[in-house]
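What follows is a group of structures, each given as structure tokens.
Heads up, the next two complexes both have subunit A, just with different partners, subunit B and then subunit C.
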Partner chain A sequence: MTKDEHKAGIGGMANPTRYGIERVAYWLMRLTGLGLLAYFVAHIYETSNILRGQVGWDEFLALTQTTEGHIFLALVIAMCVFHTVNGVRVMLGHGGIGVGTPARPDYPYDPASQNYRHKIGIYSAILLAAIATMYGLAVMFGE
Partner chain B sequence: MAQVSSIANEQTSTPVSSSKSVMLRISRYNPEHDDSSKFMEFNVPYEKWTTVLEAILEVKKHFDHSVAVRYSCRQATCGSCGMMINGKPRLACFTKISELDSDVVTVEPMNNFPIIRDLAVKFERLFDTHQKIKPYLIRDDTELETDEREFLQSPKELEQYIQFANCIKCGLCNSACPTMATDSSFVGPQALAQAYRYVADSRDKGKDSRLKIIDESHGIWRCHFAGSCSQVCPKGVDPAMGIQFLRGYLLGFRS
Partner chain C sequence: MRESTIMKIHYGTALAAVALVAVHILMRLTQGFADSLEYESVIANYKFVPYAIMLELILILLSVHGFNGLRVILLELKQGQIYEKAVSYGCLAAMIGLIAYGSRTIIMTNMGMV
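This part shows the complex of A and B:
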């Protein structure tokens, strides 16, 4: 990409403020996807500690039993739930399901593909992620 | 850093009935000799019905004729005057200043298009990708040899694509698209929506060849259904809908 192309760049891609909740969902989907990928790599590293024997395993596992560890795991729960629920919505949309029906548009041209079904799907993903996170925090800090 | 040049105190040469005025900030950039863009500010009077394009033309007429802007029809038909208006891609002729609900109107060239100068951008790539998806009816018997060879179509069949035929190739969808923001090779929502326009046309027989064109790494799979293209379309085309239908063919959801 060259300067001549006048691309909006990463900043333009990631800016979730201008195009409604659908763009916010797009941004969160990318962010949670990267977060889960990072967790996946960290998880492989974590479980590989079993090779260090019982002591090594217990030592590493103790890191997840701290306040910081609990907050990190709560974030993982939030990312996982949002990515799953919103992923189902996006997959259905990608198949052309629930994106409306072609018709002659009337002013002010509200796009049928950005309909209430998808908005409900996005808000549900956020809500479920919040509930699951709070439940996870209650379990972890309630011990 | 943007350099601000204000000539707000200059007087217009024509009598103005409006008591309202707006600060119009115009991005100035000439790639031939400027390192970066800068904003110039103008106080422009406006009425309830004044469009952003009219305000820019007011500036050209009374303050600075060197401002580069492309326009033609002034009625959202030619698709020439697309630009970023207060951070969002819009047609300048189709955007009233009064509807922006702001004392400052900032106009910049559309994102994701090379700049010719100031507010005018190059459309070559838009037209190239549009042409790439074969925007015409494909069938063996397109030449009408007798009066009996008319391609009849029911109103229901027409409804399947007429929305997508409203595209005026203004490029706003490509400017709003988050994938276009980083991927120089992505075919873009404009071309993909037009691919669906012809695939959905009951007279067309070129579905397989078009699906083959868009079924590549920088083709339809780079669309992540953010829907920003549909939100900025000034003609109600809803490219996001067309793209998902098109992908439905490739995924086997549609036949």
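This part shows the complex of A and C:
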């Protein structure tokens, strides 16, 4: 393998446009995972304000119960639903479910695992995330 | 620990967390989102022992899953004996720290030390 074959480097690996929806799902899974971990740590800190008594709790709640806070929470809902549904798809794939049966590799060598079942799974994760986000926005802004 | 065992733990914590977080979110919706966040309501939640146990379980499950996920992402980016050990032990320390901090809130509120 020549050096030229590596010239795209990390940028080539990160490029979501060349390898279809599976690469987009790969990146979304990692980005939503990091986002949810950051939110989880912040949520643990946020809830610890209950130890400051009613005044401390109400002060901190006032910071989060704003339009910006609700939009941020809607984004968290989207990340959570996508990460969950796509995570189930990945688990099923690791367990050999929905990845197709072994077959002779013929041109153009399409991987059997990257089939319509998993593509439907990825699109379903995106769609469900959008629906859950809209429901979350309706609940938060509907009050 | 073998990576295959760690991945089984990763998937197990994910599935368990999905079920418990669903209950946690539904509790917010039973009495209206804003009302459920009122001080008295939150204190009542923490003082209800089964709910406090569920919060503790969610804390442990999500900490294990989240920090192992971070470890996996960091190990994908770079490899090396020292780097891998630093990432693994760093994530383990962060996980223990977060569980300890969250448990402190749950235990102190449940015992009325507010």
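Just so it is clear, the second predicted complex is superposed on the first by the 130 of 143 C-alpha atoms of A that agree within 3 Å, B and C clash if a C-alpha of one lies under 4 Å from a C-alpha of the other, contacts with A are read in each partner's own complex, and residues count from 1 in each chain.
Criterion: a residue touches a chain if its C-beta (ideal position, glycine included) is under 8 Å from a C-beta of that chain, and two chains touch if they have at least 3 such contacts.
Source: prediction; values computed, not measured.
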For this session: Report for A:Q114: first if it touches subunit B alone, second if subunit C alone, otherwise both or neither.
Result: first
Problem set entry | Of subunit C and subunit B, partner touching more subunit A residues | B
Exercise. Looking at the overlay, what does A:W57 touch: subunit B (first), subunit C (second), both, or neither?
Worked result: second
Exercise. After lining up the shared chain so the two structures overlap, which partner does A:L37 touch, if you call subunit B first and subunit C second: first, second, both or neither?
Worked result: second
Seminar exercise, completed: In subunit A, both subunit B and subunit C touch residues 30, 94
Problem set entry | subunit C to subunit A touching residues, read off their complex | 7, 11, 14-15, 18, 21, 29, 32-34, 37, 39, 42-43, 46, 59, 62-63, 66-67, 69-70, 73, 98, 101-102, 104-105, 108-109, 113-114
Exercise. Mind pulling up the subunit B residues that touch subunit A in the complex?
Worked result: 31, 87-88, 109, 111-115, 121, 159-164, 166, 175-176, 178-182, 184, 200, 224-228, 230-238, 240-242, 244-245, 247-248, 251, 253-254
Seminar exercise, completed: subunit B partner, complex, touching residues on subunit A are 1, 4-10, 12-14, 18-20, 22-23, 25-26, 29-30, 90, 93-97, 99-100, 102-107, 109, 111-114, 118
Exercise. How about subunit A: which of its residues touch subunit C in the complex?
Worked result: 30, 33-34, 36-37, 40-41, 44-45, 47-48, 50-51, 53-54, 57-58, 61, 65, 80, 84, 87, 91, 94, 139-140, 143
